């Protein structure tokens, strides 16, 4: 097994916002401190933590949207830097947003939206429409949806469109940021099942960022607990659930079991 | 917001929508007359707008001169019709040029590096802070007043206005999740600008532009009235108003001839702008859950 | 029974003949906590909005008597006198409960404007209310602006504001949905604790069964604009009877004991209420459907002690 994406000693700091801070490039605060994380091919890794722990920053840094102030991100063993490695990452790694409807351009039809990744990475491909229909079918939407606009969709359908879009070009890794937050439980179950089925069919690797331990328990192989910008515990999901080592993990699990 | 797109594809439905309210019908009638008189002025009247006829000076409305004549005997109706040309050129021309430049600079400031943003904003603020009339006075004195100069001046005033709004909108859009989603898909900056930012920016900007049309027309009229606009013999509504102002006690029809079309046109543009806003702004549409 | 709120045959229809609530009746006794569970489109939010009279141009039918005043028909003046005093609300997003341009103190004082006490006395009352919801150093914090608070702290403040007047009824719309898991647990614990001290009634709407389970004495499950099941919370959640409730509760990952990658789902979509056929709204997706289900909608009838459900399959057994 090899790591698809790996963070080593990752630190991320927000630059100060004032003019003075900008001039001296003074960092204001560390959001992530010394984070190590490896996502093995074909597995699902969950990053757990409360809001403000740095979960979203971690995802953005792994996607190359934020620059680490120290440490490195490696994609397929090569250090992430602007240029071919980043392009490679953009092509093979997809991001699922917390708010599926918001991540769709309201003025585009679904067919165009799902074809976007193909148009971006293979601009010479003649007819992406067949592929679009296949992708919509893969997520359980009829192909006539291709001419609809995002505002005509229910929340669950918008979630499916985002998954279809993520599947275009056969990605290797999908990073999902709270993929079912705000969904009804029955819709959440549908989306999670869809993701699990697609993992089986396409050998996908997932990095799921969530605060919902119910999802973590059922859907992840291993997990990393993020607390105040540091990874305080990692391990196989079952092991961590049965024997949490860190005090914070214990609090989290107690809150979860109290439900 | 996106509901506007299919609607745009159906001009018939737009016409039907426009005629669905009294204000819409009023606007449509006024603007059609406005556009027709501007485009067809030479064919609608037998007179030349600058033809002087001292024998007929300050004539009351009659069958020969429906709206009477001014102090040097020029036919008022002809001057009003030709004035519409200037008003149309300025309202449509200046607004669209200002809109295009404003959106371009605004979007640039919104997505560009901080330094560029700061520089453009400083420039916009500087222009905005100059008193309109004084600046017009200075420029007109230096270069001389003419229609192109006036139009240039109006564009100069409106680019910062549209630019500021476009910049704000762009900043909001750049932060929008769907733009970030595109970036994460690997879309180039150019692609994001062209396919995702512009279509979402132009809709709201077009509404604002249509609502600004009346003030652009009034600005021309105001500057011309003060003698800072188009040079005297050219027929513009502002010039007519200025002529009428002098003789308003004895021959009020000159001021009325210049003022009524001005009021009607600005009203029509305002109504239309408000209707557009109500239709295109998703926040004003009630969502059914 | 002395009901603080008595809702009879409440109906909400949105413009364009879009029904959302198709006849909901329930009563809340003094001091009772009642929850409404439902998915989006079930009509649960429309029930709340109708009670708050925040529905704009939707048509509202039926009645909702609150201490004798019908909320559906009452005048604006009457509502103004009730709101923020006898009837208060907590919203999903605490940011929307407070104006960002005033410190909390101003907003707490504004809520007490009807009282005759001195400004200092009102401020002391507000500080005590904040202390009661677990905000440390309330004397200092009350001078802060909303942005200085985290989401969880601000929701605590919103709860303090809503309970300050000891209302007869507190209405909460998804009070923890905008918060993360640990904060959510803290807010639930706080609300639970407050239930001991505060004697008024509570109506909570949520799509999360665990919130209702922790806080409510009685629960109503909504589907397709009607109540399909109601009863004591513990019983309904442990032993759901209506097929919809059973399937809904089965979807929640936290409730599934053995680890699985395939969660139960409810195939099909919630019905479009403007195209509703005769019969039960859930019939199309129901696995226990019998012939009668698609002909006449079942009534909400007793299925056990203090429990009612709207299902033929249960009524034939009972």
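Think of it as A, B and C in the order they're written, each chain with its own count starting at 1.
Methods note: a contact is a pair of C-beta atoms (placed from the backbone, for glycine too) under 8 Å apart; a residue touches a chain by one contact, two chains touch by 3 or more.
Source: prediction; values computed, not measured.
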If a chain touches chain B and chain C alike, it appears here: A
Most heavily contacting chain pair (counted by C-beta pairs in contact): A-C
Chain whose Cα centroid lies at the greatest distance from that of chain A: B
Chain B-chain C separation of Cα centroids, rounded to whole Å: 51
Mean-CA-position distance for chain C and chain A (Å): 32
Inter-centroid spacing, chain B versus chain A (mean Cα positions, whole Å): 47
Overlap residues in chain C, where contacts from two or more other chains coincide: 40
Two or more partner chains touched - positions in chain A: none
Of all residues in chain B, those that touch chain A in their complex: 1-3, 5-6, 114, 176-178, 180-188, 191, 195-196, 199-200, 203
Complex interface listing, chain A residues touching chain C: 50-52, 154-155, 182, 184-190, 192-193, 196, 211-215, 217-219, 238, 251-252, 255-256, 258-259
Chain A to chain B touching residues, read off their complex: 22, 63, 65, 87, 90-91, 94-95, 97, 99, 102-108, 116-117, 120-121, 149-151, 165
Footprint of chain A on chain C - complex, ascending: 39-40, 150-151, 177, 179-183, 185, 207-210, 213-214, 247-248, 251-256, 259-266, 269
